[in-house]
Amino acid sequence: MQLKGLFTPLITPFNDNNHLNFSTLDALVEIQIESGVAGLIVGGTTGEYYTLDDEERETLIRRVVARVNGRMPVVAGINALNTAEGIRRAKQAEDLGCDGLMMSPPAYSLPQQHEIESHFQVVADATPLDLILYDFPDRAGVTIEEETVKALAAHPSIVGIKESSGDMSRLLSLMGQDLGDFRLICGCDDQAADHLWWGVETWISGSANIFPREQAELLRLAAAGDQAGLREGMRGMLPVIQSMESGAYNQKAKLGAGLRFELPVGDVRQPLLPLDDSEVENFHKLMESFNGE
Amino acid sequence: MQLKGLFTPLITPFNDNNHLNFSTLDALVEIQIESGVAGLIVGGTTGEYYTLDDEERETLIRRVVARVNGRMPVVAGINALNTAEGIRRAKQAEDLGCDGLMMSPPAYSLPQQHEIESHFQVVADATPLDLILYDFPDRAGVTIEEETVKALAAHPSIVGIKESSGDMSRLLSLMGQDLGDFRLICGCDDQAADHLWWGVETWISGSANIFPREQAELLRLAAAGDQAGLREGMRGMLPVIQSMESGAYNQKAKLGAGLRFELPVGDVRQPLLPLDDSEVENFHKLMESFNGE
Amino acid sequence: MQLKGLFTPLITPFNDNNHLNFSTLDALVEIQIESGVAGLIVGGTTGEYYTLDDEERETLIRRVVARVNGRMPVVAGINALNTAEGIRRAKQAEDLGCDGLMMSPPAYSLPQQHEIESHFQVVADATPLDLILYDFPDRAGVTIEEETVKALAAHPSIVGIKESSGDMSRLLSLMGQDLGDFRLICGCDDQAADHLWWGVETWISGSANIFPREQAELLRLAAAGDQAGLREGMRGMLPVIQSMESGAYNQKAKLGAGLRFELPVGDVRQPLLPLDDSEVENFHKLMESFNGE
Amino acid sequence: MQLKGLFTPLITPFNDNNHLNFSTLDALVEIQIESGVAGLIVGGTTGEYYTLDDEERETLIRRVVARVNGRMPVVAGINALNTAEGIRRAKQAEDLGCDGLMMSPPAYSLPQQHEIESHFQVVADATPLDLILYDFPDRAGVTIEEETVKALAAHPSIVGIKESSGDMSRLLSLMGQDLGDFRLICGCDDQAADHLWWGVETWISGSANIFPREQAELLRLAAAGDQAGLREGMRGMLPVIQSMESGAYNQKAKLGAGLRFELPVGDVRQPLLPLDDSEVENFHKLMESFNGE
């Protein structure tokens, strides 16, 4: 899988009955492709994977793969609470025609590092698909420590790590390791320009649901060495991104995408709840400020 | 449901093929009942619920309910990543004849307090069964704040909270609130004597898989006001409990139960991995020290 | 030094000119003695040592030692940012006639464990006075880890540790170590009853500035095995203590002592600032509730 | 004061008797000036201020001011445990001819935000010198929250903040605030290139004791827009800087400076302790790798 450029962990649109909204889903896929995005993650955290039942999961992946139809790689988010489920989801993704996999350590069970390492290795061994690690300790309850990353980077089909800890010192430390062609991937949207400036070439961006074209453009500016453009582009998006990261990330990803592309993406599913009116209004104002630039 | 006394979140035994081991399961149930335990949690954290598929889950609950056959209450652990799944599991537990439910906030999705509150309320409204809250922030990634506990304690079928934060100051603060007949439940095994001394009458104890009789006895000593006995009993178990809480809790729960009751409880399932030989030996020594007292 | 019973880290009273208020200081000492307190800490954290200049420090210690005049032990708080200063303060305390010393690891410089261990040893070696360790990681930025406590407990003049981490599991773990006649000391006022119940015989209590008689009585109840009395006494003070621990500890210690003993103890010194009117009023109400019992 | 460029918080050299080593001090000052550094901090954290007595403090500042003799600004580190001491140190610095002040919130006493704000304001009001805020929560126990920074930035003589939290997201957020000519200052050496790239023009660098010329050059490269040079220069220093930040920062600052400039800078003072032989050897190897580039 070509793991370079902007990858969008796609929001999962629901209709008024709280079912998958296929027409909006198709429209979102087309918007992402037209915007110059390099690839999609389906069934990821921003896609509220943890609210999908097994049938919905399969239907969702199948639909996105079909709609994309080879125009870009499709990566399946395969977070699982245990290793066997991770393997099942990996094989399902392979069967459904996905190009890659992304997975965090299992949440809740607090595995130790050697257990995290084995979990990823066993899942990676189960399919020929490329696997992206995902480090987001606030969610998973555990981090993938640097030594574990180094060990896993040696696996032929473990191809990169989405860094969402927000710890720039960790990124700089990992950049100093010899990790071969294992990719460090920006997973911290507000720090994206820093990642790109340091030579990171991949960005998995939840906020690309709102800013696909602008963020794909950021990657081009970075590759072209246009520093002023990179900073200016980043600065323009920061207020919205910072608002997302301050709370209600998923609600705002949907709100922003719906607003920007005039699509009925629907609400988040419970346990998350829609924003209240004043929160919606505040976020709208931030969006308008962006548009007004 | 009578929510008083020692409740054991039962380990889930597996056989050599890594399937549910029914004969050991039955034997464990009998041991717990004979030991004077007040109730069982099935499909809880110590039961590695996060490694069970849907069919195993149903089979496990059905088997335990049948074996117990009304001799004590059976509570289903119904942790779920989303609210709809929580409702399904609550109804399943009701259908299978359980007497109560226990649930932590959804892991991974980092819900805010109003979302945590709604999650519990919606699930509690879905069945007539009593629901026990479970606060274990290290695992869930979020805590159930005191104000949220107070709000939920007013719900007629939300009957208590298993306190596993390890924060004694929080317990003392909650004890100062007027929570009606809502029960504060010890969920921190090494601090059990303190809870009991303060008047807590319920203990949900993972280490009761190893020490059912001794811990049931602790509750009797506490009720009888036998302070010296309570302290001495607690002190005797502390080295084993502290070892469990220092890491590999589930592995040691199984190791200890298997050793003590000479039953083939099997290994933990992945993502957790069995202890290595020297860890097993160290834990055996701790167990022997206890037996030698 | 007899290190048993209730020790009060005395507030330092200031007059309207923000100078030491000697007459109030004398009155406070008498109140503490009459109340049955076992000893005093002068120049401790509750005494705002960090706001005293060298001359005030000497004057304060001299005055308290003179006033006490052998009626109870006087311990000097000798927190220091470096080891040489710790030695100077230890020798000063010895010269001024103190009976013991209390010291936390140096704040700000983030020493490692072997540096913390050496810091305490070198200071303890500098005088014949008994030294009490003080673990309060939120303030010092570092903790005295259990292994370090064990090593230091072997020093002949290091006689105990004031436990202010609020971590009951740590206390239970330390109690399981063979520390000879090294004393574990309650330094977490809201958890005092638990400490006493477990056999801890010493309590260094900032809130004893407000409740000297009641807390000395708690220790007597604990020694007499009066469980109901111990719990009832603790419960009565908890609302005030919990308010103190939730913020503005020093301000409330002064406010409460001034109110209770009708003494002009004065305000805290900057960087701390007096409470605003509504905070004062709220704390007064808590005090009145206590008095009204 | 011109607050632009590289400022070095100078190590404080000691001789074999553990007294200030004036000849080395003079030599260090000259090296810093010759290396193109923009200014010096004397009596800062890297200067082990917390181990200096009052007389040494005065002597040290006087000597550095005299030696510099107007060739660059000299900033006094004036960290103080209370506000009155902060004022005294500010006035002392003014009297001794310093050009500016730098101060963190008071350690140990855990002031609230309004108390932190007042502390800085009162000290800033006490002298005409410019004051630099210093945010290093791991040391001080408290952070200067963004709202407090905004309030303080409005003070005419509070001119900037040294950001040492290591939190790049906080920097990006502060950059989005309208802070007038208040300067954000890099205080996190491993993240310096990121700060410079974003337009930060001031770097207060403990590791500039080792790399004064190289880091001054980094600032020039950044100003000239030489991205490749900036990254390459940063990469070269990162192994040494990351080693410093991983532990024993002050010991390594001294070790590296002594090694590089062949000067007897002496050991750190206690509570810190010199590195053991193997740690020294490891750090020497890192230094040699740098030199060998």
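Order as written gives the chain letters A, B, C and D; numbering starts at 1 within each chain.
Note that in this section a residue touches a chain if its C-beta (ideal position, glycine included) is under 8 Å from a C-beta of that chain, and two chains touch if they have at least 3 such contacts.
Keep in mind it's a predicted model, so treat the numbers as computed, not measured.
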- Message: Given that subunit A and subunit D are copies of one sequence and touch, is their interface built from the same residue numbers on both sides (over half shared) or different ones?
- Response: same
- Looking at C-alpha means, what's the farthest chain from subunit A? C
- Message: Between subunit A and subunit B, what distance separates the C-alpha centroids? Give it in angstrom.
- Response: 35
- Item | subunit B and subunit C: spacing of chain centres that average the CA atoms, whole Å | 38
- Note on the structure: When centres are defined as mean Cα positions, the distance from subunit B to subunit D in whole Å is 51
- Contacts with two or more other chains, residues of subunit A listed in rising order: none
- Between the chains shown, work out who touches whom and classify the graph as line, ring, star, complete or other. ring
- Query: Can you list every touching chain pair?
  - Reply: A-B, A-D, B-C, C-D
- Listed in rising order, the residues of subunit D that touch subunit A in the complex are 166-169, 172-173, 176, 188, 190-191, 194, 197-199, 225, 227, 231, 235, 238-239, 242, 245
- Query: Can you name the residues of subunit A that touch subunit B in the complex?
  - Reply: 45, 48, 50-51, 53, 79, 81-85, 105-112, 114-116, 118-119, 122, 138-141, 247-248, 269-273
